[in-house]
């Protein structure tokens, strides 16, 4: 158990040889995930034509940028030992509000900060309820989920197209590396979020407090850490990143719809956990979450390339791949202990 | 008196009563129960009847949560169990045969048991985090149910099978009787054995319980198996109720409602102390909430919002900190006029 | 490979020989109707000799966009899909257009301004279905002045068929004030919810004349509730539903439902025809409406024996 | 007299549902003094500290810091006001590294970015000042409880605070660490820091404290200068009874030594686990108390855990009654009649959420299996007996163990294992945080049990205690079992043990 409960090892070199070995051991879950991911990609390349195209790999990023952002927020929450079920609904609410306002002729420069603010406020509210009233995160964020979905449904039950020029350009802007090889702006935004998040977690007082709370909230309190403030902050961050994810999703879909991002909370949680973060908190890395998102994305890519799976076989095969991946990951990390 | 107010189920019970009473303004005969065609008929009966699958699933979920786990696959297990039973009955030469139906029910429950074993082994033997371990079956299980039914709704016209979910015995819905029996059996088993304290110990502190010699593995697997079998029975009630198996709709999102019911009932998601009565109350509360939205005619667009408001009220009412904040303001001047700390 | 799909050909992809490869992205398998739709497409692809790459979106638009993008990467000849929702397809359709892959929509349109993004749209008109339901009702109560109390079982909130069937129906009946929708709730397109909601309606309202359900399944669930309340479906309460799946037709023939508006899932053959034409460079109609009808109880009795789904 | 108090608490009252933990307690602390807070288990010492630092609200009373009334919202505010606290149970985050546990919340930073290398360098230096040489980048969880306690102390003393509060900081430490801590305390004292010190070791209190305040049952008994009060008087004030217990404490050991060992119950041969303890041979006989002696981190706990199957050995064999066995899990060991009370009562011992009754019967129930519950009458009888024998307070079997004072939790843990009537009882720091009276009671009990034929493996950081009870002393050093001293007749003294440790061989 101990090898996974480690803080991120900063880039500074460690001197003594036995220390180096120990430091590496903490990275084993992440390394194992990485290796298995490579293996899965290799299997895809071996089995399907065109799978080796660079764009197939880049598409995994393009198609999952919003999930990456949302999962990054979820990582903060789970590291404190909490959970945020509202993320999918906040994503949907963001798309609906953005689409509605843009259609009403509001300028993008106003809509963008506004929707981010709405998500942040929702997150702040949930965090405050969780902290001040000692309500279980599961319930508080479930209520948040109903609330956000309910609001978006109330605003408009139809799907609303977005035609705003800024949105369209963000949606269709491609950063090209060669003919037919590109990523979207969303990918860049997502990567910036991940890097910033990883920095905050590893190198700031706030980030370390997040880990401390996940390790033992009572102790953290007695150690004089700002537990309440930090706990509220992680839900606020998650709310903000959900809204940002919602913006990215609205770039991706160019529409707002109350049923967007159904079940995204589970995808995000799954990505975080597959990436090696322990649900009870206190251990794991944001980089692991990135890998988790890639695993989910790659599974989906393989399914589409297979192209012969009926609806139910799609589900079964997703389950089988997930199972194989997780069990292998588990065995690899266990063996090396 | 204060003992009642202090009881942790007091506030959910209050919310339940308020919800039910609020119906009367929209449907004056809400509390009327009549005897119709030899069975009880009325909105309260509907509330109980529609709570049955959820109550069962919540019961199983309670045990899993008590061990410190969570089971997302219950909905899929419901779908599988319903599908298997309906397929089996559909193939019977005589759908009315009680033996055939019993066989179908047995088969469905055995499959549910296997599903529970699968979850339990993944969690406690292989050591996968419960949420992911059960996510696998949640995703794949519904696929399996759809595979079995070919994505179609399987209809049966088997009177004995109908009894489970839509029948009445002694004027009481059979499904309610089934749930009452299962709950009573569970409570009895836990009271009469040492299961309760052992499970709570495992959930509250796995390390300490290991060092106390508790075999957590068996208990954990047992909890998942129990949850799956409960879900299996729930699936049978669900499909029997409409005499068909709908692999797509059966138990869809029920895991969320079940977890909600468990938490409303006072069992913490972190494991340890659990309350079966609380979970059942939670399930009835959620079912009453659904029926209330229909009765008072909340528009479909605002149903979710309405639900959110009730859940918020509920969790605030249960929060001691919130009550303290509200009551202190009222009480402070009366008890200690000056010296009290400004909060 | 991982487990056999139930039908369709091998996984060989794109470009080979003169055989057309079609990438098809289905919404999901949320209902018997949808399954029949999938089956129709798979079977007709097989008979038409088209290599079908089937992808299931599990009800999520983002999955469909991913699938379409993957079809582009796999360089299929034609892309077809049943959009989960109307909006938000411009970006990915543009990518398809850039890659010179023609797109055909089935079952449901998209709201793009740029009509060149897709070649054709084949499918039913949900608003029209709602209107047909309303028209029958208006006719049924023609000349009867007393008010008609209607309860409505909506589909999943936000889903296009639910929105449109509600809108079409409302538009027709609003002409006459005697029609009053006294309760309208979502039954999530499922039997269980249909039954549960109807039970509550029956307790809250004593005088329901008509039930309008957005699909057969909810109607079938409601029938159970009505019977349990000691009333006769089809007589005490008139029932109109949409879809005309076999179970619904059976109930209609048995007199428990009064009228069903058909919404046919069998558009596979038409789709394959279109695909071949598009591939061959022929011009095709921008809008192809599926052949659909309505059923009364008598018509149902006649049609039931050779109902396929 | 002297300086005005830096901290003044008057008329403090704090009630928990069912118990009044503090009732009109006054307390004052002056700069440059070490002030001991004394009292039996459950007297209210820890609670006083928690209300002072804002962990709990007080029901009534007045707290002044430098003459100004204060009311802290929590440890953070107390810390900011210059009060640095080590709470009773080790309250650190085991998932973080040692360095972080020392510095979290006040990490060295540049432009807001934590300087990890600087942090590690400073914590290594700080620990070296306490003569601890750790890999500060390793997670805290890899270290034993005693080391964690030292880390907590290091964290507290590094803050240049005006008030330092230490709630039983020495409960798992052995003599040399305690001495090192005292050096630091004296230094801080010279710098004018006011120190509040809690300990159940009277010798320690007399060694460092200038004054003491005695609590009994939540009420204030009095404040005394250390020089004014003999140990005997102090004990009388604490327990409210005359001497008897202390007399017994003096008597007991003599009895022990005479008995001769019987059959070996457990024999370990070449048993070892890489990174934890080097292979060792050990035999424990029925009716014998075997003591483990060694310095901090010498591997006593690790050795004990191997004998219980809590950790798996990677080499060697264990024989029980001459038959080889594999102790795969604690459960298997229990089936062979072995019991193990962990030193880390909070995470490995009691289950805080459960009641006293449930905690006491837990191990017995586990070994009977879930299907054979212990009849309620039998439970009541057992629980009542041990509540009485060990003096567990409050004497209510249905209170949650979480709400018990530290010492009382330790008693519950012991009771859990005593009722299983094991053949080999392994107790790791059984008297941790237990007051003088109860400690004597426990020691007497162990001797009695051994006389009745039970084998006991006794691990304690308090060497005196080990010497007094054990027939045989196994000496450990740097995870090696380096020697065995025969103590029948009480011939061994502390010097001889230290000598054995120092030379690493049997003298």
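The chains carry the letters A, B, C and D, assigned in the order they are written, with residues numbered from 1 in each.
Quick note on the criterion: a residue touches a chain if its C-beta (ideal position, glycine included) is under 8 Å from a C-beta of that chain, and two chains touch if they have at least 3 such contacts.
In UniProt terms, the chains line up like this: A, B = Sugar ABC transporter permease; D = Sugar ABC transporter ATP-binding protein.
A quick note: this is a predicted structure, and the numbers were derived from the prediction, not measured.
Trainee: For the interfaces A-B and B-D, which has the higher count of C-beta pairs in contact?
Mentor: Here the pair linked by more C-beta pairs in contact is A-B.
Trainee: Centre to centre, by mean C-alpha position, how many angstrom separate chain C and chain D?
Mentor: Chain centroid spacing, chain C to chain D, equals 71 Å.
Trainee: Between chain A and chain B, what's the gap in Å when you average each chain's C-alpha atoms?
Mentor: 30
Trainee: Find the geometric centre of each of chain B and chain D from their Cα atoms only, then give the gap between the two centres in Å, rounded to an integer.
Mentor: 44
Trainee: Taking each chain's centre as the mean position of its Cα atoms, how many Å separate chain B from chain C?
Mentor: 33
Trainee: Return the residues of chain A touching two or more other chains; collapse runs of consecutive numbers into ranges.
Mentor: Where chain A meets two or more other chains at a single residue, that happens at 153, 157, 310-317, 320.
Trainee: I need the residues of chain B touching at least two other chains; which ones are they?
Mentor: As it turns out, chain B has residues touching two or more other chains at 146, 151, 301, 303.
Trainee: Residues of chain C touching 2+ other chains?
Mentor: 6, 29, 35, 38, 157, in rising order.
Trainee: What's the complete list of touching chain pairs for this entry?
Mentor: After working through each pair, the chains in contact turn out to be A-B, A-C, A-D, B-C, B-D.
Trainee: Of all residues in chain C, which touch chain B in the complex?
Mentor: So the residues of chain C touching chain B come out as 6, 29-32, 34-35, 38, 154, 157, 183-186, 188-193, 195-197, 199-201, 203-204, 217, 220-221, 224, 228-230, 247.
Trainee: Note which residues of chain B are touching chain C in the complex, please.
Mentor: So the residues of chain B in touch with chain C come to 26-27, 29-30, 36-37, 41-43, 46, 50, 146, 150-153, 155, 166, 238, 241-244, 246, 248-250, 290-291, 293-301, 303.
Trainee: So in the complex, the part of chain D that touches chain A is made up of which residues?
Mentor: Residues in contact with chain A: 55, 74-76, 78-80, 85, 87, 91-97, 100-101, 104-105, 107, 109, 112-114, 116-117, 135, 137-139, 141-142, 155.
Trainee: Chain C touches which residues of chain A in the complex?
Mentor: Those residues of chain A that touch chain C are 47-50, 53, 55-56, 59, 62-63, 66, 99, 153, 157-163, 168, 171-172, 249, 252-263, 300-301, 303-317, 320-321.
Trainee: Looking at the complex, which residues from chain A come into contact with chain D?
Mentor: For chain A paired with chain D, touching residues are 1-2, 5-7, 9-10, 12, 14, 16, 18-19, 22-23, 202-205, 208-209, 211-212, 214-216, 218-226, 282-283.
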